[in-house]
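Below, subunit A partners subunit B and then partners subunit C, in two separate complexes.
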Partner chain A sequence: MFNAIVSADTLRTTLDSVSVLVDECKIHLNEDGIEIRAVDPANVGMVDLSLSAEAFESYETDGGLIGVNLSRLEDIAGMAGSDQLVHLELDEETRKLHIQIDGLEYTLALIDPDSIRQEPDLPDLDLPANVVIEGRDIDRAVKAADMVSDHIALGVDDADELFYVDAEGDTDDVHFELDREDLIDLTPGNARSLFSLDYLKDMNKAIPKDAEVSMELGEEFPVKMHFDIAEGQGKVTFMLAPRIQSD
Partner chain B sequence: MRLDEFIEDFERDEAAERRRLAKEKSYAITDHLEDVQRQLDETLQGDALFGSTAPEIFVGRTNYPRVSTGLLSPVDHEADATEFATSGAWYQQGLGIDDVLQRRTGLLNSRRSANVDVNDVWDGFVGVQREVAIADRPVDVEVGLDGKPDFDLDADSVRTPTGPSATAERADLAENPHVPRPVEKTLEDDEWQAEGAMNYLYQRGFDVYDINNILSAGALGRGENRRLVPTRWSITAVDDTVSKFIRGGLRNQASVDEVSVWTNEYVGNRYWVVLAPGQWEFEFVEMKAPESVWNPRPEGGYYMSSAYESYEGRTGYVEETAGAYYAARLGVLEHLRDRNRQAKCLVLREITNDYWAPVGVWQVREGIRHAFEGERGVAETFHGAIRQLSPHLPVTFDRLRRKSNLVAGVQTSLGDF
Partner chain C sequence: MDWTEKYRPSSLSELRGNNKARDKLQEWAETWDEHRKAVVLHGSPGVGKTSAAHALANDMNWPTIELNASDSRTKDVIERVAGEAAKSGTLTAGGGGRRIVILDEADNIHGNADRGGSRAVTSLVKEASQPMVLIANEFYDMSNGLRNACEDIEFRDVSKRSIVPVLRDLCRKEDIEFETEALERIAEMNSGDLRGAVKDLQALADGKDRIVADDVVTGERDTTQGVFDYLDTVIKKAGPEEALKASYDVDETPDDLINWIEDNMPKDYEGEELAVAYDFLANADKWLGRVRATQNYSYWRYAGDNMTAGVAAARRGEKGGWTRYGPPSYWSKLGRSRGTRNKRDYVARKIAAHHGVSMATARREIMPHLAVMTHHCKNRDLTVAMTARYDLDAEHVSFVTGSGKDTNKVQSIVEDAEERKAELAVEHSGGAFEGATAGETSVEGDEDEDEASEEQAQVTLGDSEAAEEDDDEPSPEERADEATDDDQQSGLGDFV
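Let's look at the complex of A and B:
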């Protein structure tokens, strides 16, 4: 059993965080909220998301697992104005999700969860550096890097206590640095890793500009980015594997 | 063999000698062109009816969808028409640039303007042309020409050059063409998507050269979609389609287990192929010598271009490297298919000054296909291999790193941590 009402805005933000990496996902329906974990087909980018029951206007379930086509569900959510409510109800018999938006009814066929790629284990990484940065600074860095290159280096200078971004293209370079003053928080440690901009651009799309993003970094190690959605009632972690030179 | 020993074996002096020879040979081409013109004038004297044997067809891309479409047939009646058609055999026979140009300038392109929409057109000039394209051996034809041929040599980076051309009034088959069973099957089934039909033919042992002719003649695909496909586009479409098919089959296979480097040199192009363990990634980097054809800015020294795809493949056309990317990728994927392994792959192409005329993208495909027949060097790591190769490349490591995604860093997966 699953029966919930959520604002279209919250639903869209949630779906966007996942759809930047995958087309289909499994949604765990737990008593205290929903959980989604997914990795892209190349096993390079991962998202781990939870949205608590408090983020919903009303939320009732006795547990369950459903598989959804994200772009289909996003299209439906797109039919609602941002302040409208979306009513979701699972029909256990037909394995369909009934969606109602102000008189509009949509019946979404679900996907067999077993046919969706297995959910990844979250790698347990102890990363030496941590910065807390505004979403809009990530956006600036990614946009500037994209003008010159296909990849971007993210690093922390332990001695000078600053976070920096480097992008090198055929001929042009971009460098961007933020010190303690510019950041919300900084735990220094030596870190530098190179990442594909294709992935980072997609993840950036899902990071709210006003979000406080906690970014964990290492030396040629994956980056983890944590931020809140739905006024703190939802938590998202992106993890991205680096491009490395040492192998 | 260890990579350092492998590199020692690679002699640059030889290349310098060949460069000198190539310069001399380019004069031979000028002489040859005069011979062909004389021969053409003799063959076509008086009446304009021209009996010949056509091994392949040509479809131009100018003015699409109203294109110039033609039958290619040797001017010299005594010649074996098969030898004039582009194929992998050219590499095996060791054809040089001059040999290719000689063959191609000896082929008359009897052409007409036609609309590409050819579903069910099996009569008239276009019909004859399509019959020639689907036949598995050269076909005797009789062509009525309108006026004298234009004498020209037309080359681009993808297709094989073409020689003289003349406007055709009509064409007739002088024999019943032999069409292989699988081709008939794809032809008759007008519900079959072109991609599927191409892959079917490839699996039935047809090389991309044959499939290219068939696709170009608009003989594959769903009925309503059947169109003449300009030769240049068709070559890339076939390489791309077949490569995607092979790549799909390797997606879940294990990876190669060591870093290997192969090299090959053909018609003034030197290739280095580096395969490394990991999930599929492919990159093709070209380094064009200042004097070589197609270097747009000779004053800037070696001109670099590159194109890359990740595990998921790519969607956009590769602007910088055009058809060469697809031809090289096919050569690599065929090798990986034979081993049933996936890999990270970097192909470096150095275009030396010896490459004084473009002969078409077939030479890239064959250069890569045959690179794997040679000795290979083994290295500890991908970047170790690149550092060892670097002194033998015409550009610095730093320039290469800036141009190449793989040299900048190979993509890891989360499972590696």
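Let's look at the complex of A and C:
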């Protein structure tokens, strides 16, 4: 049993942060909220998302697991105005999700969860550096780097206590740095890793500009980015494997 | 459950048959950090290539990314999935972590669904920073560039001797009694194909707890013969009948097979036998033409007879040794000459339209004369006239005359032809637009000089039409005059 009402805005933000990596995902329906964990087909990017029951206008379930086609669900959510409510109800018999937006009713066929890529284990990493940064600063860095290259280095200078972004193109370079003043918080440690800009661009799309993003970094290690959605009722963690530096 | 999945080896040490290939693969993986090359595993279906790749990943504890033929494998998908996977570290261990990219059926990346795929694979193989395994049935179906960029490991057919113990193990695990002879028959039937043998065993054992030799129906799986082996058969060894029958097992249509044979036969045949063999091939080609024309595919048999049995029958004396056979050059030649053929057809179409002949006639009987008359644009006026008449561009002019397309000579001819065309248009309008704008008349005045010379050329090429124009021009006016006269003036006859 699953019966919930949620604002279209919250639903869209939630779906967006998953759909940047995968087309289909499994949604765990727990009593205290929903959970989604997915890894992209190349096994390079991963998302771990939880949205608590408080983020919903009303939320009732006795547990369960459903598989959905994200782009379909996003299209439907797109039909609603931002202040409208979306009513979701699972039909256990037919395995279909009934979605109501005012008078509009959409019946979404679900996907067999077994046919969706296995969910990844959350790697347990001990990353030395931690940066808390505003979403719009990530946006600036990514946009600037995108002008010159297809990959980007994120690093923390332990001695000077600053966070920096490097992008080296064939002819032009971009360098962007933020010191303790510009950042919300900084735990220095030696860190520098190269990442695919394609992925960061996609992830950046899902990060609200006014969000506080806590970024964990290491030496040639994956980056973890944590931020809140739905006014603190939802938590998202993106994880991205580094590019191998060829030399 | 499918036994081939259930008992798929989880470690290379469990892999049966192909010990040599297995050891080579293991060595490749262990020394990957030094050579950083991709590897191609190739061999017949069912000998354990895919199993080996997965077992290896398991042994090395490398996460796998797999792209197989059921995924669409366009350039985009390959670059996004395999490309990113091959250039990135892992989520658990970062930049030092290894993962393995397995590209199954790498010899089958083509067609519309996989557009641009094989080029993407080649460039990916060259810049990958993670181990990549490509799996293929036909090593030589992959492009040259791809083959050279990879190490290759051949998986040979699994011998009957190695298949029987595998089947025996399976029976024991599944608690099925068996007669050894039954297993031997299965192994025999599936010469070389371990997966086929396991599948046959499962089908036989389904719902039974004992299999005996008589259960084994001695049907054989169709096997395909590689085209290279077949060329060897038809060109060097087989008699006519054998050559024909062997061709049934080759996975090529007669349209393709004739190109394979035609391209490779002259490497071994010489003198009289070469002439006779070509005769047969010519016959085969006629039949293929009839198939195309009538869409009656039963004619394929005559084409097949000629190109296989005929070529084999033409052979005189013993052939031996090893010959380097290659894929037919027919298609690549067609591809390279496409530009030229397009130009030729364009010119022919224009000529055909102007003179009411077929394109073939235009090509065979008119274009050679034109080419001689305008050779290297020596007769400039004529060339300008031709260009204007047939509405040719620089590339077409250069095609007919043999002068370079970018030379000033050709460029100026095309420009003059443009002017000539504009004048002709004015001429042909019969004065309908005369004096319409001041600009037009002044242009005409400037070009008076050229006109005279071009008029001459015009006469040589399209004289009939030019003459017609001249005759026609006054006539409509006259007739119109007559008509108006008629309205006002009655004829004498009206009163008779």
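Keep in mind that, in the parts below, the second predicted complex is superposed on the first by the 245 of 247 C-alpha atoms of A that agree within 3 Å, B and C clash if a C-alpha of one lies under 4 Å from a C-alpha of the other, contacts with A are read in each partner's own complex, and residues count from 1 in each chain.
Throughout what follows, contacts are C-beta pairs under 8 Å (C-beta built on N, C-alpha and C of every residue); 3 or more make two chains touch, one makes a residue touch a chain.
Not measured: the values here are computed from a predicted model.
Peer 1: Mind checking the superposed model to see whether subunit B and subunit C fit together on subunit A or clash?
Peer 2: clash
Peer 1: Applying the touch criterion given at the start, work out whether A:29 contacts subunit B, subunit C, both or neither, answering first, second, both or neither.
Peer 2: neither
Peer 1: With the two structures laid over each other on chain A, which partner does A:168 touch: subunit B (first), subunit C (second), both, or neither?
Peer 2: In the superposition, A:168 touches subunit B alone.
Peer 1: Between subunit B and subunit C, whom does A:150 touch in the aligned arrangement: first, second, both, or neither?
Peer 2: In the superposition, A:150 touches subunit B alone.
Peer 1: Considering only touches as defined above, state whether A:206 meets subunit B (first), subunit C (second), both or neither.
Peer 2: neither
Peer 1: A:141 contacts which: subunit B (first), subunit C (second), both, neither?
Peer 2: Once the two structures are laid over each other on A, A:141 reaches no partner at all.
Peer 1: A:86 contacts which: subunit B (first), subunit C (second), both, neither?
Peer 2: neither
Peer 1: Given 187-195, 313-321, 367-375 or 475-483, which part of subunit C has C-alpha atoms clashing with subunit B after the fit on chain A?
Peer 2: In the superposed model, subunit C runs into subunit B at 367-375.
Peer 1: Starting from the residues of subunit A touching subunit B, keep only those that also touch subunit C in the other complex, and list them.
Peer 2: Dual-contact residues (subunit A): 39, 41-44, 46, 120, 123, 125, 194, 196, 198, 221-222, 239, 241-246.
Peer 1: For subunit A, which residues count as touching subunit B in their complex?
Peer 2: It is residues 39-46, 120, 123, 125, 150-151, 168-171, 194, 196, 198, 221-222, 239, 241-247 of subunit A that touch subunit B.
Peer 1: Using the touch definition up top, name the residues of subunit C that touch subunit A in the complex.
Peer 2: 63, 65, 80-85, 87-92, 94-97, 99, 127, 129-130
Peer 1: Under the touch definition given earlier, write down the residues of subunit A that touch subunit C in their complex.
Peer 2: It comes out as residues 39, 41-44, 46, 120, 123, 125, 193-194, 196, 198-199, 218-222, 239, 241-246.
Peer 1: Could you list, by residue number, the parts of subunit B that touch subunit A in their complex?
Peer 2: 279, 304, 308, 310-312, 381-383, 401-403, 405, 408-417
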